[in-house]
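There are structures below to look over.
After this come two complexes, each holding chain A, first together with chain B and then together with chain C.
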Partner chain A sequence: MIDFGYTFNPSSRINLDNFDRVKFNKLVEIEPDVKTCMACGSCCASCSAGKYTPTSLRSAILALQNGLPEKALDFLKGCMLCGKCTMICPRGINTRHLIISITKIYSAK
Partner chain B sequence: MNSLTFILLQNLAAAAINPVSRQEVIDRLPSEYSNFVLPFIIGMSFILIYLFVGMIRILYHIPGPDRKKLLISLVTPITIWRNIRDLIGDCLLHVKIWKRKPLLGYMHSSIAFGWFMLIVLGHIEVALFVPKHLGSISDGSLYYPIFYRFFVWVNPDNITLRGSFFFFLMDFFLLYVLSGIALAMFKRIKSIALGMRHTTHPSLADRVALYCLWAIFPLRLLAESFTADLSGGSFLTKPMNMLFTSFFGKGLNFMPTWWAYSTALGLFFLAMPFSRYMHIVTEALLILFRNAGLKVRKPRKGFAEAEIYSCSSCGLCLDACPMNMQKKNLKYSSVYFIRFLRRHNTKKINAIAQKCLMCGKCYALCPVSIDSPAIRVAQRATFNNPLPYNYSYLKDAYHNSTAESVGSNKSKADIMYFAGCMSHLTPVIIKSMQGIFKAAGVKYIFADEGGGICCGRPLMLAGKLDAAKEVIKANKKMIEESGCKTLVLTCPICYKVFKEEYNLKNINILHYTQYIDSLINQGVLEVKKGGKSFVYHDPCDLGRGSKIYEEPRRILEGIGELKKASKERDESVCCGGSLGSLTLDYKDRGQVTEGSVETLMANNPDEIVTACPLCYKTFGEKSPVPVKDIASVVCENLVTKSN
Partner chain C sequence: MNNNVLIIGGGPAGLEAASRLQWFGYNTILIEKTDRLGGHLAEWDHLFPTGKPAKEVLNDLLQNITRVKCFLGTNVNSINILDKSYNVILSNGITVLADAVLIASGFDLFKAEKKEEYGYGIYDSVITNADLEKYYKTKNDSRIHNPKKIGFVHCVGSRDEKVGNLACSKVCCATAVKQACEIKQEFPEAEVYCFYMDLRMFGRYYEDLYLKAQKQYDIRFIRGRVSEVSENQDKTLQIKAEDTLSSRPIKITLDLLILMAGIRPAEAGERIGNMLQLSKEDDGFFTTKDTVFSMQKSNIQGLFFAGACTGPKTIPDTLHEARSAALEINEYLVKNFTCNK
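Right after this comes the complex of A and B.
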């Protein structure tokens, strides 16, 4: 391939065919709070791990809804469960357990 | 009945003829056996076999190194002494309950100690008066001492002082147990009278065993009174015997009472393994394990199994649990957690294990000292430890931040300050701490000034034990490379894990309350005394978790008036913000906070002071008075030295 000095961005098109409704419903059943999230970003602003590696619960939830579970798991794999996001969440979401539940449900093969 | 009298007469005749048998006590029955002992023998054999198999099972599940530890502890003088002290203090006298609730302590110790004394005295009597029955099982050593009063005949012309002394003791301890049983019955009706707001719902086996236990001692009194004219008695059994004789005439038919007594005992032993009364024997094993330094490794096997079977299901943890503000949350208490563990009810076990705030109050107040928080962590680990994670970033976490702060100081400092995640969310603590360092003229390294990584305790609490080890390793490396001598922490959560898991050699780990207290003691810091009144909240991981109670109180007493909360120290109520709970939701946490604030406001203080960023933030939402961190209180009241 010739290097033109630039590349194509990966497609940002949302493919809802990849959205796993069974798994998402299972998640909602355990964590109804996942629907309470308003993607304000307080969690990633306060994140201890976020300083070193892309870690964001907000992005993970969005990625899930856009049918990108692998990307969602990547956003959570560096989490140290320190609980700062739980303390700060304006919607009172139990973020720590939400992170555990997403990892549990979506990493299960 | 006739045959019995005949046998008795025969024996009496033999005693009269044979001068050797002109003793105080002789065997009343030549066969030295009666069928009524059968229920007791069946129950006793069952429980002995069950206990033996159970003990082998538990020992088998304990990992090799732990078993070695146990063996060594059994021959080390200091642990032998501790074992003896705890066996007497905890199993027999229940010192721990006495200290908190005397009436409840009396109830428990009267049954435990009284019954123990009855058994011991029964054996001593046999050893003194009919020693041949203490030897082998064929001589009835299993049942004879228990039913001693049935099998002997006491020569009324030949009673010695020694004999009557034992009669008196036996009656005395029987009365002692009966008073405890009466209290226990009363407790079933009105538990609050004995200091318990909530009690556990007994299971079916618990009920069977409980009613048998209630029946054993009144039946024993009845049985011994019926035979008191033959086998002797004292202030309790003798008058009762006369009473019965005056009602039913001479020659009482005493067999039914002895049958009933034996049946109650047998049934109790049969129900015991399935009921809460297993704690009577398992607690002894648990004490040996605990003094040997064993830890919970698996939630249901080995050490944990000994703990589970030691739970007396007394329900003291129900009143202790901070979640008891709502009745619906009582089912998440340790007592039910352990009950479901016993029943292998995985679904319920997992739900309860995740709900708990891990404040450790149930552990601190448990009369048997069952470390249920540790069992919960082990249970959480069964499903959370295998979850994937990727901490490859940890190795460069401190590259920039520490280099900067160490670099700015140019030389290495002896003191390192690690704020931790939570303190970074409440910068007032960090600012106050920096002010205190400055006022004391202390040179220090601020380890995570630019943001560091977590201490690892939240991961451990969530059961992700392997992940926690990686975080701990990264922090440990940073601290050891810095060359500091003292590590100051502003968060009890960090403090506990640094102290217990990091294994930092030659580094003095201090919580900031300890550090400030020592600075004030040395005269490096000076605080002025104002007119404000404070109440101090004991954070769970600092108080119950690390046993630091005095230092923060000393600091506050130097600054203002320290008022008491209605529940303090070991009894303090979690703020509700704890990281320990995985599933308790925002609303329920709010209720816990309200309950905790209520205990703190008992004496109307001007301010609530705490020493934990998490409590500080949580109380802020619900408190009617200002909430302050202890460092900021100190910082506000510093005397600036003019030099």
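Right after this comes the complex of A and C.
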């Protein structure tokens, strides 16, 4: 490849046609409440890890829905499972349990 | 109590006001420009938030206007303000001398073809909320055949300076979520997406509807306004938007797209407004005498408003306004006419 002195960034566009419904449905079977997230951000606002690392359950759920599971796992890496987000979630989602389930299902090869 | 009251518009507002004015004992005359009563309600299948059949509501409204003189297919040709009453010449040749006039001219749906980038009237698989209601009623629309992926676009013709309407149309969010649930009932295998800017679920039971849409019907809500729609060679649609929650552009292929056309002032109402030189706000709807009290009064004596002619409203809101207008009209007539007899 000739070096022209510049590079292309890969497209940042989300293609929803690539969304893996089968895997997401597996998650929904165990965690039906994941569907009720309304992206309010309470979980992130209360997150201790989120202050220092890019931890965000809201973003992780969104990444799953947008067909980006690798990214979703990255958003949960810093989680210490303290459970503060579970106490605050206005939709009553057991977020701590949800984080464990996401990690289990999407980490499995 | 033999005063004549003229009601312009035979939708929910006009019908409910007519029934109350009839109950007060006034000679109530109702004119409607189309050939049937009920307005938009007559073209709707089910109502949010609880899914009550529109037909039931309409039948209830029609039952209570037995002594009201209704003129269908009738317009106002001219209207003149006399000393204390109104001389109204109708298009059917009849002249009405009314002591009070109620404008219940309602709304027109935003013409979705004006948002050309969404392709209504250009692409076969793009329809409007009204088209979908018609489909629910008749189960017949050549544009709908077993869609696998369906999208709803909120705020079409609302909150949009480019189409000359900065206002929110108030009822489309709940309508979209209702219609999304219904289409999932119709096509259980389909994936359904709602593209919204804000979900304005302001009323009682609305939030429950939203939760049900997520939980029971698997509707995916994407926060971002659709920027453009194009058609693929196989007639499917290519939708572009931004997922503003992740700050990334998003693209999806859909089989059917439903545009939530917003609420604009009715052309028929505008005609009456021009005859009377009624003042309008920037949003195009009539100015009421006050914005908290006296929402049913105009700035002209003996002339009243009810329903969506003063801004987008739900059906219950409209019915409340109609009853409130009937009360105001009764008070006005008692004060200004009864004492002289």
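The definition used in the following text is that the second predicted complex is superposed on the first by the 96 of 109 C-alpha atoms of A that agree within 3 Å, B and C clash if a C-alpha of one lies under 4 Å from a C-alpha of the other, contacts with A are read in each partner's own complex, and residues count from 1 in each chain.
As a convention for this text, a contact is a pair of C-beta atoms (placed from the backbone, for glycine too) under 8 Å apart; a residue touches a chain by one contact, two chains touch by 3 or more.
These figures come from a predicted structure and were not determined experimentally.
Asker: Is the arrangement of chain B and chain C around the shared chain A a clash or a fit after superposition?
Answerer: Here chain B and chain C can both sit on chain A without a clash.
Asker: Quick one: the Cα-centre angle at chain A between chain B and chain C, nearest 10 degrees, please.
Answerer: 120
Asker: On the A-aligned overlay, A:Lys35 touches which partner chain: chain B = first, chain C = second, or both, or neither?
Answerer: The second partner, chain C, only.
Asker: Mind telling me which of the two, chain B or chain C, contacts the most residues of chain A?
Answerer: B
Asker: Thinking of the overlay built on chain A, is A:Asn94 touched by chain B (first), by chain C (second), by both, or by neither?
Answerer: The answer is first: A:Asn94 touches chain B but not chain C.
Asker: With the two complexes superposed on chain A, say which partner A:Leu81 touches: chain B (first), chain C (second), both, or neither.
Answerer: first
Asker: Compute the least Cα distance separating chain B from chain C in the superposition and give it as a whole number of Å.
Answerer: Minimum C-alpha separation, chain B to chain C: 15 Å.
Asker: In their complex, what parts of chain A are in touch with chain C?
Answerer: 12-17, 21, 32-33, 35-36, 38-39, 58-59, 62-63, 65-66, 91
Asker: Please give the residue numbers of chain C that touch chain A in the complex, ascending.
Answerer: 191, 193, 210-211, 214-215, 218, 220-221, 223, 243, 245-246, 248-253
Asker: Of all residues in chain B, which touch chain A in the complex?
Answerer: It comes out as residues 354, 383-384, 387-391, 393-394, 396-397, 421-422, 424-425, 451-454, 456, 458-459, 462, 464, 467, 471, 577, 579, 582-587, 614, 617.
Asker: In their complex, what parts of chain A are in touch with chain B?
Answerer: 46, 48-49, 51-53, 73, 77-84, 86-88, 92-94, 96-97, 100, 103-104, 107
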